[in-house]
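For clarity, chains are labelled A, B, C and D in written order, and residue numbers in each chain start from 1.
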């Protein structure tokens, strides 16, 4: 779950990390008032859950409250990577001398958090990571001890932070690490971390992604959850215990188990088609589950055929078949269905499906090929 | 550093441990008002930094505010183990069904904290520990992980806590452990932990000793430090960097290094005498240090001779001798002095001391014997 | 011979709720020795004929359990795993989905200094066909034999086991390592176990996009491989930057892409199947059957 | 031969303040190889001819230091010890007084899985006379020989070393384990090192009231002792319940009393001196000289 910059900054400030004075605004009027209260110049910044808003024009500097009003007018309602901007954060502009990068995330291979610090922060940090990884100093604190003072110190020396900023940056690194731990974050990032002309250090931007699995113990953060329009379907699926990702093809996919569904997507592509979505129904595939899954998949107007790939494990294949039959008979879908059952009692299941208004195939490859073929046919009236 | 019950209970309450409603009082009037506010019956409890106040009459139950007034009048000003009671804590009386014991302290041998839980809590827990140690369940949480839920659960099962109290007691154990860690305690104890007639669990008493070495990072607790009259000398010594313990003999002792001073005390006893104190001046033994140490030792009217045992290590023996000579000449002490110098340049030191108004001996045993002999002579006019 | 599980495996069930008791029964049906279960407060009683204990330590004392399977809900899973590790259980298999990453970081830090092997969480468990099953996989799809099999995925494991079984290729031990970003026995470690197992003649490695476990497994096999291996990577068609169910399947930069994994296996001389259906053929060719 | 320290000891000083630089000079005077010191921000420069480094890791890389001595103030001592452990230093000797117990509990928990030996804190350090001194003891009182010597106390160590030296009894290695309740190398472990050291012919164990380290050392020697030992316990005359300088010297119940310690040594056949002055005689008798 992603937090907005202003939410993340509040958490950083609570942990003692210096941030610029700032206010939220949802209208141009509010933005102007905020700029007046804070004192110009200010930065007016789109609050959306995607990266790259700077390059997309979502951040403007305003020299006066009136300019802040204009900036907010321009940014509010703008679309960034398909997301509509509904809030801006108005913040006192920093006297930037240099931009550092500071981030904490998971290093899967080492099974430890990794703290990254670089003196070449800012918008192009991904390119730095790619082209000059040595410019990013890394440290791997023990999850049992936290980021120790000597580790933070080693980082600022390794990154080559200037003498004057060493202590404050090491201090901020330790505080950011605490935020990472205390909020169950999967990512905690300050980029850029400003060094101002007077030598002071200030969080320019802040990113905080929270581990969804830990929201049960982060009730305050869970309340901040926002579902943007294009995430509504994924959210609906999640509420049903499904995992859904929208893609840009036309073959709807339903399966049980993430790996199996991914393999199904691959099979569709290998058959020359393109999947419209990823949908993992998780454990079990009874009637109700199949019906809800079909509803979600068919809500996507681009879907022209649906491929159901179920491995009857503990759940028997014949039971699954009965569930699917029930759905198909009572709520006939608008596009052709192909089902492939495997595992326990799959043959019995396939026998039940014989004659039903859907295609049944024995292997994943055949089923994918059939679903792709059906997607290219004219839509039924 | 010891906290009073009421201070410890505030910290427990802050950590979510249930405590009875209570108020502080320093006069009988206040105690009566407190009892009225809380609602009788109440317990009126002396707040002094010693154990065993219950057996000494420092706790009285009052059925009405008027009784609370009388109880406070009786307890305030009373002496418990030499300490004058200046505060009482007035607290709603619990409906006690059973008394448990719960404590966290250091297990030196295992180098881990030890959590102890027993269903035979109350005033005689020390005797239980002695006679029936198996009645106290123990757990040793990792200092890196804290007291984990399963460890708290194991404790309540091992101690034989009744079913209804298992979850609340395990919960209180984990919270008490957090208090122990967060306050840098050397001891965190709830004894008794009341099981009330309705089955609820409540901290009857609370004890919290804080590691003096950690007070630098516990500013809130450091403020609670109280020096009682009989601790004033020890406190004064501590401020000078000395370590002083009052004993009940008549040979004053000054030495450098805790082990050496203890050995000196032993030597005095082996020579048939009794030490008046333990005083470790720590590193170095220059003039000023010797003077301050003598002042502290001689403030004890029972002292009839003083034995100074200094190991000249990095500090040279001749320098120490000069320091002692200066003091003896400018501030002649009221009782005879015996000095024993050893280590670096000890012989040179002894040569300097020859002829000075003090006894000088080459070995610890001889010096102790001489100091004991002098202590038994009539005091000089 | 086999790895992790065999006829002497003695299983303790942690979390005998609906799911736990269902699978405990299935494991017993398979012949696995289910010797006890923990249910705090119910110690001394039984459920479905399984002796219950208040704590894992007590259960181990009474039953000599050497393996545990964890079904407790995610918020309590870390505690359950740490309790099992603390009690000296040799093998802990965690089925629970949705364990916070921070909890798993603590658990794996503790594992570094313990003798316990943890498989999972968020996996189907492990099975040595014909000997013991400690997991939730449908046993029908597995058969005894010489193919060792490591997978990050649940149903895909069953699918591939089914394909292998139908092709006459039985399995030595199948290990579902789990789909989470932080797991107890990552793919390279599981592959190492099979590589060193005399009963395993060939190894099937089923990976997914995300992370670099497959790359590390390929690297290990290139350096130390004693037997033929075949790989499959699910998610080759996934667009970068999208999560596909497993939190682990986040593609970032070049690392963790299907291409990077396929290349790593190819460089290690390990053929990569384009579809699960190709796996049995590749295994047979690798075994020169 | 000797334990902990020898001619190849290469010392890094952590905390080159007033005390640190004073003792660094004394150690060099003794012939100890002081190869560097940490002073964050001063890396690349020197102080009193000692090369300075920003971090312990850098210092180890540049100097091959295998030992460090910690003088940093108590609030930062845990960090310094953990930094040295993290950098793989073999032996860390912590002089610092007043380290919080909670910090030491963390450090000793980390030590359990590290290869580093920590001596101290709150002790005088260690010395292998004639080879290396890593500590604050006055070197004049020590002389090379065959008596291994473990003590919880500072000046008492010097006193006894002085007595031994005057009696012609040189020392193999003297270890001041430190007076705090939680230390890196408790007396029994230090005794074990000396017991297994071929250069040590006899062991002197100087204890104090409080804790049960002496009892455990006696137990160890009873079971495994390969050479004669002599003990001394300071604080026999201390009244129960009083603290005598060292926080460790708290007598609680029967454990940790002088009586309990003396009895433990006597049961292990180890003579206990009534005064430091008796120690050399007892050692000579034990060695049958």
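As a convention for this text, contacts are C-beta pairs under 8 Å (C-beta built on N, C-alpha and C of every residue); 3 or more make two chains touch, one makes a residue touch a chain.
None of these values were measured; they are calculated from a predicted model.
For the pair chain A and chain D, chains touching both partners: B, C.
Looking at A-C and A-B, the interface holding more C-beta pairs in contact is that of A-C. Of all chains, the one whose CA centroid is most distant from that of chain D is A. In whole angstrom, the spacing between the mean C-alpha positions of chain C and chain D is 48. Between chain B and chain D the centroid-to-centroid distance comes to 27 Å (mean Cα coordinates, whole Å). Rounded to whole angstrom, the centroid-to-centroid distance between chain A and chain B, based on C-alpha atoms, equals 56 Å. In chain D, the residues that touch at least two other chains are 106, 110.
Shared interface positions of chain B, i.e. residues touching 2 or more other chains, are given as 144-145. In terms of inter-chain touching, the protein chains here all touch one another pairwise. Residues of chain A touching chain C in their complex: 106, 108-109, 111-113, 126, 129-130, 142-144, 181, 184, 186, 211-214, 216-217, 243, 245, 247-248, 255-263, 265-270, 275, 278, 280, 311-314, 342-344, 363-365. Interface residues of chain A facing chain D in the complex, by the touch rule stated above, are 145, 148-151, 153-154, 157, 163, 166.
Per the touch definition, chain A reaches chain B in the complex via residues 144-145. Listing the residues of chain C that touch chain A in their complex gives 22-23, 26, 74-75, 98-102, 104-106, 108-110, 136-138, 140-141, 151-159, 162, 179, 181-182, 206, 208-209, 211-213, 216, 232, 234-239, 242-249, 253, 274-277.
On the side of chain D, the complex with chain C involves touching residues 112-113.
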